[in-house]
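Below, chain A partners chain B and then partners chain C, in two separate complexes.
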Partner chain A sequence: MKILVCIKQVPDMESKFKVNAKGVWYEETDLAFRMNEYDEYAVEQAVQLKEQLGGGPEVTVLSIGPDRVLEPVKKALAMGCDRAVHLKDDDSSGKDPWQIASAIAGFSRDKNFDLIFTGMQSQDRGSAQVGAIVSELLGCACVTTVVHFAFNDGIVTAKRELEGGLKCIVRFRLPAVVTCQLGLNKPRYPTLPNIMKAKKKEIVSQAAAGFAATEALSGTGEFYVPAKKGRGIILEGDVNEMADRLIGILKEKTTVVR
Partner chain B sequence: MKALLVCEYREGKLLEGSYELISFADRLGVEKAIVLVGSENAVPKADARVYLANAAAWAEYNPEIHRKIVLEAVQRESPDYIVFLHSSYGWDLAPRVAAALKAAQISEVASLQDGKFEVSCCNGKMRRTVTSATERTVVTIQAGAFSFSGEPRGVPRVEMIAPPVAASAVEFIGYEAAEKKDVDLAKAAVIVSAGRGVGKKENVAAIDALAKALQGELGASRPVVDAGWVPHSHQVGTTGQTVSPKLYVACGISGAIQHLAGMKKSEFIVAINKDKDAPIGEVADVLVVADVNQFVPALTAKLRK
Partner chain C sequence: MEATREIYWNVGHGVVLPMYGFFFLAALVFLYGFYRRLPAYRRGKALNRLDRLRERIPLLLKNLFLQVRVLRVFGPGSLHAFFFWGFGLLFIGTLLIMAQVDFTQPLFGLVFLKGAFYELFSLVLDVSGLVAIVMLGGLLVRRFFVRPKGLETIRDDYLSHTLLFAILVTGFVVEGLRMAATEISANPGLARFSPIGLLVGRLFAGMSDAGLFLAHRVLWWVHFFLAMGFIAAIPYTKLRHIFLTSTNYLFSDLAPKGTISTINIEDDSSGSFGAAAVSELTWKDIFDADACTTCKRCQERCPAFATGKPLSPMKVVKQIGEVAFTKPQAGLIETVGQDALWACTTCRACQEICPANIEHVTKILEMRRNLSLMEGAFPGDEVRIASENIEVNGNPFGLAFAARGDWAEGLAVNVMERNSEADILYFPGCYASFDKRNREIARSFVQICNAAGVKAGILGKEEKCCGEPVRKLGNEYLYQTTAAANIEAIKRYGVRKIVTTCPHCFNTLRGDYRDLGLTIDVEHAATFIKGLIDQGRLRLKPGSFEFTYHDSCYLGRYRDIIDEPRAVLKAAGGRLREMEKSKYESFCCGGGGGRVLAEEKLGTRINEERTRMAQATGAPLLVSNCPFCLTMFEDGIKTGGSEGKLKALDLTEIIAARIGGRD
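Our next item is the complex of A and B:
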């Protein structure tokens, strides 16, 4: 069995975002980057499946972007992926989901992956498109928003998360693309010995341009900080003073504190 | 211009969100047609053509068959926009339809800015307008962003679509109901919710103590539930419970749209967050800029006096 995991590097969402010079995305300076949270679940599920099958499957981790994406790639290797592919593109943030998906599909087409795991969306762009487009381009099954995954005798039983706590149970055969929702598993922390071991694992670097669609289907008009809709009072400063002020406000404005 | 609206149906019912699609088309100022994989007993009330395929015969969830039905309606109607809700159904189906048509997809449209599609990004902290370079455009709309007011009315003109014969790689087994609730947050007058900002499981006790001091219930955001710090029955948001208490206190919750959708109708909202720019600030009546683990115990102590 061959497994591919597609991961994206995104800024820490607690960051303060500034608009870049072109006005279409964030300025990267001063941002701390990490692995897209949804993709951590994808890596963990791939590694768990490999472990379940006695180490048989080969797990390849793939990321598209500039050299900085090697950081989460190394983390994925330390979590248990076997090898890595870096599809180098210094302008990956300017690509639309169609171009990103076509690069992944273009790379995967002749590799015969049985399973492709990825996050259901990225934390920064949040388009929730790439996984499903990859399946469409490869002509294989796709199951999205997965919160439970079990593999037995070549058949996967998965649960998709719907609204209000409802889940949808599905069964499918491989090959398939699976997009992972938060809470699917408990992504492991890489241990020091595994981080050391990961240093010896292969990372192949190739230009993404060789695989990707040349034309974008969608583009960013403008990128900006939303107009402050905040109608509220902002309290800052000493903790005790703020607590007193808040109690005063609650007594005045609500009926639950007297 | 014309929009094809892909309505949602589940377990015998038309989902309410379907009317948000109609509201979106009206605000966009375009003609509308509707496609529904559902039942003739649950057709949306609208003055529009409704392409209807019978879900009972083909299992409610089958992405490949649903995709083919939507594409059939696209072919018959030739719309400029194909609109889905940004929901578990839309996430699943919209990109497949877009890819099959090689059309641009604009995800999670939150508003229209002079006819441009505005979407939220970076966890709600930033916005961008997205443009389409293709003849047809697939759009998913943010739940609640184009809410429908008034009574739905109108006489649909139903046209049946015979479900296509398609071998399907994905087999629908059934639904699993939400876990039984040990707490009904919908009835609580006060909810104090813990978010990722509490840092670790041990710190949830202080949030719970504040909830008790206010005679309320403990709520939680998704990451806290996923981490196993608080049971799912306490989760507030799209995948948990929708609440509107007299007072909602969000402790260390950044305010992802899925959480906001579940609590923004609360009468009074207090947010405690060390990030002044967190999107929760947009709905908060009071934003306390502080570390929850310092502020919450101090507040609880004063309330107990």
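Our next item is the complex of A and C:
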């Protein structure tokens, strides 16, 4: 079995964001980067499946972007992926989901991956399109927002999270693309021996341009910090008084207390 | 008549041969007993603890003969010390007799136990014996009647008490019988120099000579066999501490307090990091377990134990011994338990008080290292998140690294990146940089520097967590990563001196970073401010206030900085009301050992316990010198019901508020 995990490096959401000069994305200075949270679930699930199958499957981790994306790639290798592919693109943040997905699909087309795991969306762009488009381009099944994953005798049973607290169970055969949601698993913390082993694992670097669609299907018009409308209220003082004021606010502004 | 006595009186010189025969037998049993223990020590890794003998031997002599560490706890310590001195003198007395009668007299005709020296000898030995009996009685009452909490009594204790008591009593009876027959009426002048023997001898006043002779002969042998039994029993019972605890003084860790071995993280040849088995500890860790007398001093002072957590430093040490001696393949971490290991605040109270010189903290750290580096384990998910935050943003809160220097806005302080002209580099650390309450410490410190004409620089967003909390939780990899970044930034600006307001940063930069190549002078604000006051550079407007002072573990116990902060606070006009547990006996706030990042889910809260102790002094102010302590106390005051009665402040805040020229 061959497994591909697609990961993205995103800024830490606590960072100080500034709109860039073009006004269509954020400025990168003073940002701390990390692996997209949902992609961590994807890496963990791929490694868990590999372990379940006795180490048989080969897990390839793929990331598109400038050289800095090698950081999360190394982390994925330390978590247990076998090899890595870096599709180098210094302007990946300027690409739309269609271009990113076609680069992944272009790379994957002749590799015969049985399973492609990725996050259900990125924490920065949040389009939630890449996984779905990849499956469409490769012509395989796509199961999104997965919170439980079980593989038995070639059949996957996955639990999906729907709106309104609903869940649904999906069964499918491989090949397939699976996009991972919070709750799927608890990503492991890399152990030191695995960090050291990861340093010796292969990372193939290729230009993303060779695989990507040249034309974007959508473009960012404007990127901005929304104007402040309301603001938080911080209650201070005596506990009883604060409780009274809180109940007052809840009665006045919400339907919680009637 | 010259004062002396006939050695081997009544038993005759014929006893020499069987006596030495039995002695060699006892000695063999004794040696075999210790020899049998060697393989267990060898299960540990190599470690050189016999270098620098010039420092080690005085440590051994001081602690053995002066009983310095034992006497740190006054009551039972004194009982032990006086018993040791009494029994020791009796032992020396016996050796002197042996030296004369079996060596100097037959070989050179030299007799020295005579005249005034013999009188002194008699008196000293009699008094020593009395002291030993009285002390043993005291220890007996303590162990079997007072029964202090936590003091475990086992078979060995019954045996040692019985043996020692019997040896001392039969000694006096043998002496009394001999004196009744030969001295009391024949040489009353000499008998005065054996007052206890005299008292005992008088009990036999009415006995016939034949009766005295027979009783003496029988008891002489009883006394002898008891003594031989004692020697033979040493390695098989707790009595072994006589040799092992003493030797442990020789094996002292001579590195500065708190030194932790820096793992070569690139070297994974062993395939393992930290300790999950006794073979991954050092021989000294196993020897420590053997030197432990289970006196429970460590357990009594352990803040985790005191608040109902499943950690007893004594138990950990004993468990390591058990594994090493009885089931060397067993897992150490399973034996000790993860909850116990994570509960340690590395406050060092155990190690500081241990009369046997045992190193508790490093054992726990080695096991934590295994948990962290080999299993990726944390005490809780919140700690995992904090650690990942340190990886990404260089602080456990997960706040933007670029905002690290924001606390200094509006203050006269240079950010090195922009202007590296500075007398000192101020390293505020994560809490004083990001935590709203603790930012007051950083701001106060800069105000103090300004008032004293010291130009302070900061690294701002180039500074990262010093790595101390994660290092103490076993995550050596993350520690070394963040440390390397800090060291690179510090070296970039040609810094000459670093001052910290956090004792954890202080110890880490000053000590731990040395192994990674940083050798710049590092000082904590408490001593730095004292220096400024002493040099007359910082003038204060003292205002009278009453306070109690909390010695942070990493400034007090770890660095012996006890008097300086008190002096600074007194110079500011403070009147100190000491807590019962202060100075070297200070009770941890609960934030050490990386616990500041962890939720305290087991037992009661350490910080509430400490704030209650502070409140009990009646002082309205609890002054500390550490952002972790301040954080713990602010919480402890709120949740422990001391709000309105006790206020927590940092030393720098007190001083900044009293800078001369301000109101």
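Going forward, the second predicted complex is superposed on the first by the 230 of 258 C-alpha atoms of A that agree within 3 Å, B and C clash if a C-alpha of one lies under 4 Å from a C-alpha of the other, contacts with A are read in each partner's own complex, and residues count from 1 in each chain.
As a convention for this text, a contact is a pair of C-beta atoms (placed from the backbone, for glycine too) under 8 Å apart; a residue touches a chain by one contact, two chains touch by 3 or more.
These numbers were taken from a predicted model, which means no experiment stands behind them.
In the overlay built on the shared chain, the residue A:251 is in contact with neither chain B nor chain C.
Once chain A of one complex is fitted onto chain A of the other, the partner contacts of A:169 are limited to chain B, with no touch recorded for chain C. By the touch criterion defined above, A:14 reaches both chain B and chain C. In the superposition on chain A, contact of A:68 is made with neither chain B nor chain C. Among chain B and chain C, the chain that touches a larger number of residues in chain A is B.
Legend: residue contacts after superposition of the two complexes on their common chain; A:22 is shown touching neither chain B nor chain C.
In the superposition on chain A, contact of A:195 is made with chain C only, not with chain B.
By the touch criterion stated above, A:235 is placed in contact with chain B alone, chain C being left untouched. When the two structures are aligned on the shared chain, A:144 is found in touch with chain B, with no touch to chain C.
Of the two partner chains, chain B is the only one touched by A:159; chain C is not. Overlap of the chain B and chain C interfaces on chain A: residues 14, 16. Considering their complex, residues 265-266, 268, 271-273, 373-378, 384, 387-388, 391-394, 398-403, 461, 476-477 of chain C touch chain A. Across the interface of their complex, chain A is touched by residues 10, 61, 63, 86-89, 91-92, 94-96, 98-100, 102-108, 116, 119-123, 125-134, 140, 169-179, 189-190, 214-216, 222-223, 225-226, 228, 232, 235, 238-242, 246-247, 254, 267-270, 275-277, 281-282, 284-290, 294-295, 298-299, 302-303 of chain B. Listed in rising order, the residues of chain A touching chain C in the complex are 12, 14-16, 30-34, 188-193, 195-196.
Those residues of chain A that touch chain B in the shared complex are 11, 13-14, 16-17, 24-26, 96-98, 101, 120-121, 123-133, 135-137, 140-145, 157, 159-173, 176, 182-183, 186, 215-226, 228-236, 239-240, 242-244, 246-247, 249-250, 253-257.
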